[in-house]
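Take a look at the structures listed below.
Here come two complexes built around chain A, the first alongside chain B, the second alongside chain C.
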Partner chain A sequence: MSLLCVDDLIIEFPSRHGVAVSVKGVSFQVEKGEILGLVGESGAGKSTIGNGIVNLLSSPGRVADGSIKLAGDSIRNLDDEAMRKVRGRRIGFIFQDPMTSLNPLLTIGTQLMETVQATLGADKEAARARALELLDAVGIPEPELRLEQYPHQFSGGMRQRVVIAIALAGEPELIIADEPTTALDVSVQNQVLELIRKLCKERDVGCILITHDMGVIANTTDRVAVLYQGELMECGPTMDVLERPQHAYTRSLISAVPRVDVKVHRFPRVEYIEKAESKPIDVKNHWLGVKESFGSVENGELLKVENLDLRFVTKSAFLEKNRKYVQAIDNVSFTVKDGETFGLVGESGSGKSTTARVIAGLYRPDNGRVMFAGQDLGALSEKQRRPLRRQIQMVFQNPYSSLNSRMTVSDIIAEPIRFHDLAESEMKIRQIVNDLLDHVGLGAAAGKRFPHEFSGGQRQRISIARALATRPRFLICDEPTSALDVSVQAQILNLLKDLQDELGLTMLFISHDLPVIRQMCDRIAVMKQGGIVEINDSDSLFANPRQEYTRNLIEVMPHLDHLSRDGLDVEMPLNKAVV
Partner chain B sequence: MLAFLARRLVQALIVMFVISLISFSIQDNLGDPLREMVGQSVSEAERQQLRDELGLNDPFLTQYGRFLSSAVQGDLGQSYFFKEPALEVILAKLPATLELTFGATLLIIVISIPAGVYAAIRPHSVLTRAILGFSILGISVPVFLTAIFCIYLFSIELGWLPSYGRGELVPVWGVWETGYLNKDGLLHLILPCVSLASIMLPLFIRLIRSEMVEALHTEYVKFAKAKGLRKARIYFLHALKNTMLPVVTVGGVQIGTMVAYTILTETVFQWPGMGFLFLEAVNRVDTPLIVAYLIVVGAIFVVVNTLVDLIYGLINPTVRLAGGDK
Partner chain C sequence: MSTDTSARNDVVVPGRLERFLQSNFWYSFKRDKVAIVSFVVLVLMAGSALLAPVIAPTNPYDLATIDIMDSELPPFWAEEGEERFILGTDDQGRDLFSTILYGMKTSLTIGLCAVMLQMCLGIIIGLSSGYFGGRIDSFLMRVADIQLSFSTMMVAIIVLAVFQASFGSELYSQLAMLMLILVIGIAEWPQYARTIRASVLAEKKKEYVEAARVMGFGSGRIMFRHILPNCLSPILVISTVQIANAIISEAALSFLGLGMPVSQPSLGALISSGFEYIFSGSWWITVIPGIVLVVLVLVMNLLGDWLRDVMNPKLYKG
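Coming up: the complex of A and B.
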């Protein structure tokens, strides 16, 4: 008998507009000591299944049909009190964001001990002893001291360890981990996954690992279930599914995953997900393609960043000596050649976005120069800078906050054209905006609508159209796809590649995601704590990392070598990284 | 902690300085104090002489400077009407007002927290609708109307509760007379406290409800459920503690405001407190008394807000660290 048997599970959300069925008859089993991955994109229903098993669905969601059996006992339709005894005691839960799943006003000790007391019925002394033991088991040093501390005194990875300790507190038979590492850096992600895996094996606990990340699936799970819009596409041993996907959806999902082992010219189109009606315009004869006489640049170096320094005040004080600073950028220098894509990669807090913002003129550096096309941007007045600003455009990370929700899409895109006075008449502007919308695959009709009517991927297309509206020469993409699903990411990356080919754009591409950087960039700079660790062309960097730090980054990156290469438009196989 | 208090003290001094400046500058526009002080028979020449003696003809800054230097020594001038130091007159009435405010605050805390929490936990129940309906009513009806209605119902028609004054008082520590220690005093407190609370109570019920609803939707509450905790612990520890953070902040400001509302309540109930005295002082153009009232109320505001910040620091560990506790 399996530890957990889910049969024909149906979960629905009744509403005024009818019933939305978000899980449509899904069945799977989890064995003791086994890690089952639930993978899918947003809207696949994977989190809903996790919440549905322990009846934590947000109102008005409900499990409408099917059976859920834990070690033979049906746990569907339990009343509140009976279900409470299952939670924590028999099924432990790990949530996505350790920043929000711990109560900020209570000490770690309180939150751990209350769980031990509630699940095991232990008294205070015993609960404390168990809490110490748990903190030790999840690898938190100095547990005695840590017990008295509050969540904000822990780093993200440490907090997730605490959350894991809490999930284990009641000696559960099953753990449901809902995107446990999505909010963490890659190196921390690996440690946390390793810990979950170790604990499950040691304690013979079953685990459901919910994630959107194929890399996590490949490295951690024993079996995998692929979900798409509430339906189970296929389920099987992880290696089988990844190497020989049976279902068309799985195949297209896998083909959209950026990888390091092969370089593709374009990502294959994932017909299943986004139906972008692209009506590309003939760029050569269009306003967009008008080649301005930017003039050639010396040595082909379009952008030259020299000894950039920037620090932020973290504690303000009247006296200079009492102020505290953090060095956001520390002596950063690099050059970007005309027409290439230059990548900045690093973990959170490494200063990549800050560097981009200095180049875009959003921050002023404390020291150093930004030379664009031979001119020192810092030495120019705001007015002299304006034509150069026009040539540098930016696509921001979060498509939800970077578009003004009170403006129509066509006004958003037309704004830079109007500001820089790039078209002779309003009619011409309309025409350009419509063509841009067609070209990025949204269709001219989208112009009359507002940003909130679009999905994340569509919004990012709007951002790209807006950035193109000044006919820029240099495009800064700051994590343009990190908020998007993998298939949508593939479409956006394709769009960027195409635009670069057509318009001869130079790009600065920023990402924490090594495989994405690998696919997009000609040369790469690795950043760490505000400084540059090494710069090399992309192939050499991955094949022969010169610095210890780079080697580590490549090492902890999810390895997707066994992924099926079906349908890939392989440009060249890449040398495997030496690790 | 010390750094925090020192910073707070400097802020308080600035606030008090501004209040004194404002309240002092009002007095030029409050009519002629001499009209109230002397009879009809006094001639214009004598009046002029009296003005000179009182220093009312000096330039504004000179008058203010004089006022400030004596104010720092605790002298806010003589009340024109009582012929006594204004500050003493005010402070003699302070216990009455503070007891009224304290009673109303207590009522608000005791009623609004359970009502707000209940409304958040059971959003669709009949009682919740009743609570929210009542709170709309409470916000819309002015405090003097509530007071008059209460007097009509409980004092005149039913004859249960007294309608004016503080009743029998018990002295404590020699300087303070309290109504909280015997039955008669307590009976006299009920109607004024209910009326005064009526204006703030709905606001707090609604504030606590909306903050609690938000807290119940957070990840850590969901996680607390997933941990298998009992509902009572989730509601009253995890959610309520976070609910109270904004409530404490708003509460500090509102308690100060409530001291101002006592003017209405005290007038309707003939409550011998500062507010009642203030209204009389305005009628009599007793400028020093008015100024003293404004300054005392300002000081109460500052003290209450400092206390609130300290309490906030106790609840919220992130603030405690930032306050320089290390």
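Coming up: the complex of A and C.
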């Protein structure tokens, strides 16, 4: 008998627009000591299933039909009191964000011991001993000392370890981990996943790992269930599914995953997802294709960053000596050649976004120069700089906050054209806005709507159209796809590649995601704690990393060698020097 | 795939009215009985105040129509009441119903204008304070703190009393409304400035503001065209409460004899004028305008509460 048996589960959310069925008859089993991956894109219902099992659905959601059996006992329709006993004691839960899933006002020890006492009924002494043992098991050094500390004294990865310890406190039979590593850096992610895997095997605990990340699935799970819009597409041993996907959706999902072992010219067109139909315009003869002169590009170097320094004040004070700073960018220098895509990669806090913002003119550097087409941007007054600002545009990370929600889409795109006087008449502006919307795959009708009516991927297209509206020469993309699903990411990356080919754009591409960087960039700079560790051609960098840090980054990156290569437009297969 | 797209392109973009009817705002309004009742009462009161010259049986400002012999007549349901005066008359023989309508008009005008003044000051100061930050922010917010440490009533009493004493009550009664608007408007701007500053600080961090700066837009354009429209919800919410507050302040000042003159009474002045007669049995001169004032302020506050619940997405239930 399986540990967990979910049969024909249906979960509904009644609302004033009718009943939304978010899980439509899903069945699966989890065995003891097995890790089952639930994978799917946003809206697939994977978290809803996890919450539905332990009856933690947010109101008004409810399990409408189906059975949930834990070691033979039905746990559906349990009353609150009985369910409370199941949670923690028989099923442990690991949440996504370790920053918010611990109570900041209580010590780690209090929170752990409270759980132990509540679930196992132990006395204080025994609870403390158990808490120490748990902290040790999840690999937290000096548990005696750590027990007395508060969550803010722990790093993100350490907090997630504590959350795992709390989930294990009641010696559960099953653990549900909902995107446990999404909020963490890649290097930490691997350790946490490794830990979950080890603990499940050692303690013979079943685990449901909910994630959107194929890399996590490939490296951690034994079996995988692929979900799409509340339906189970296929379920099977992880290797089988990844290497020989049966269902068309799984195939397209896998083909959209960026990888490091092959470089594709374009991602395959993924069916099944958000449709986008672009009516490409003839760029050569269009307003968008008009080239303007603005300074000189020497030796093909469009942008040159020299010895950039920037520190932020962390503690302000009247006297200089009392102030405290954090060095956000530390002596950063690089050049970007005309027409290339230059990548900045690094973990969170490495200063890559800050560097981009200095180049875009959002921050003034303390030291150093940013030379764009032969002109020192820092030496120009705001008025002199204005024509150059137009040449450097930026696409932002968060599609939900990067558009002004009170303006219609066509106003958003038209505003820079009006402001910089780039078109003669209002008629012409309308025409340009419609063409831009068509070109990025939204259709001119989108112009009359407001941003909140669009999905994340569509909003990112609006962002790109807005950035193009000033006819820039240089486009900064700051993690443009990190908030998007993998299939939508593939579309946006394709769009950026196409635009670069057509318009001869130079791009500065920022990402924490090495495979994405690998697919997009010609040259790459690796950043760490505000400084540049290494700059190299992207092929050489992945084949022969020169620095220890780069080598580590590449090593901890999820290995996706066994993913199916169906339908990939492979530009250049790389040898396996990476691993 | 192409048919799907064309279908989407054909989607008729809903008009303003339709979008409003579809909105969460309208939906939650329809479901909230308190909000509906408050809104209806407010519209009725404001409407009748606005139409006072048409609705009111007599013109209380026209001294020729007032007969002192009619003074202190009780409402019509009382024994000595007369059909002519539905709610009775005041100590000067004015029809109380007409006077209340005109008084409500005065009160609402002062409330609205004072809040507009507060809003203008508050928006300009709050926006600059939040957007520019640093020294400008510290300076403006300290000024606001100092302003707040004087209570509205104290400032108003001092200013109005000094004005009345130095320019005489003749001139004062001519300028009373303007003075009240100015005093209440200026005394309460920090409420707005603080609220707006807080939401500007939150909006300023969002990427659309950075995008606007990357485009090269100037500060004024970013502040008023990009940030301000995104701060409108909290402004709307505090406006309802502030109008109610301004009306109360005005009533209180009038009650103290520092507000509207007896010849053009506001609700507060009416309450005050009847106060002397309350123990001689003429309770209606005070009580009826009092009830009107309470209801007016109450429905505004109830609407404000409802607005706050709707506009604050953190409070969305399910």
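For the reader, a short list of remarks on this structure follows.
Everything below uses one rule, namely that the second predicted complex is superposed on the first by the 572 of 579 C-alpha atoms of A that agree within 3 Å, B and C clash if a C-alpha of one lies under 4 Å from a C-alpha of the other, contacts with A are read in each partner's own complex, and residues count from 1 in each chain.
The rule we apply is simple: a contact is a pair of C-beta atoms (placed from the backbone, for glycine too) under 8 Å apart; a residue touches a chain by one contact, two chains touch by 3 or more.
Everything numeric here is computed off the predicted structure, so don't read it as measured data.
With both complexes superposed, C is the one of chain B and chain C in contact with more chain A residues. Applying the stated contact rule after C-alpha superposition, one finds that A:K448 touches chain C and leaves chain B untouched. Shared-chain residue A:T314: touches no atom of chain B or chain C.
In the superposition on chain A, A:N398 makes contact with chain C only, not with chain B.
By the touch criterion defined above, A:V54 lies against chain B but remains apart from chain C after alignment on the C-alpha atoms of chain A.
Once chain A of one complex is fitted onto chain A of the other, the partner contacts of A:Y150 are limited to chain B, with no touch recorded for chain C. By the touch criterion defined above, A:T119 lies against chain B but remains apart from chain C after alignment on the C-alpha atoms of chain A.
The intersection of chain A residues touching chain B with those touching chain C, taken from the two complexes, is empty.
The part of chain A that touches chain B in the complex is made up of residues 54, 56, 80, 84-89, 92-93, 95, 97, 100-106, 114-115, 118-119, 150, 152, 163, 166, 169-170.
Across the interface of their complex, chain A is touched by residues 1-2, 4-5, 8-11, 13, 27, 206-208, 210-217, 221, 226, 229-230, 232, 317-318 of chain C. Touching chain C in their complex are the following residues of chain A: 16, 58-60, 271, 275-277, 357, 360-362, 385-386, 389-390, 392-394, 396-398, 401-407, 415-416, 419-420, 443-445, 448-449, 463, 466, 470. For chain B in complex with chain A, the touching residues are 218-220, 222-231, 233, 237-238, 241-242, 245, 315-318, 321.
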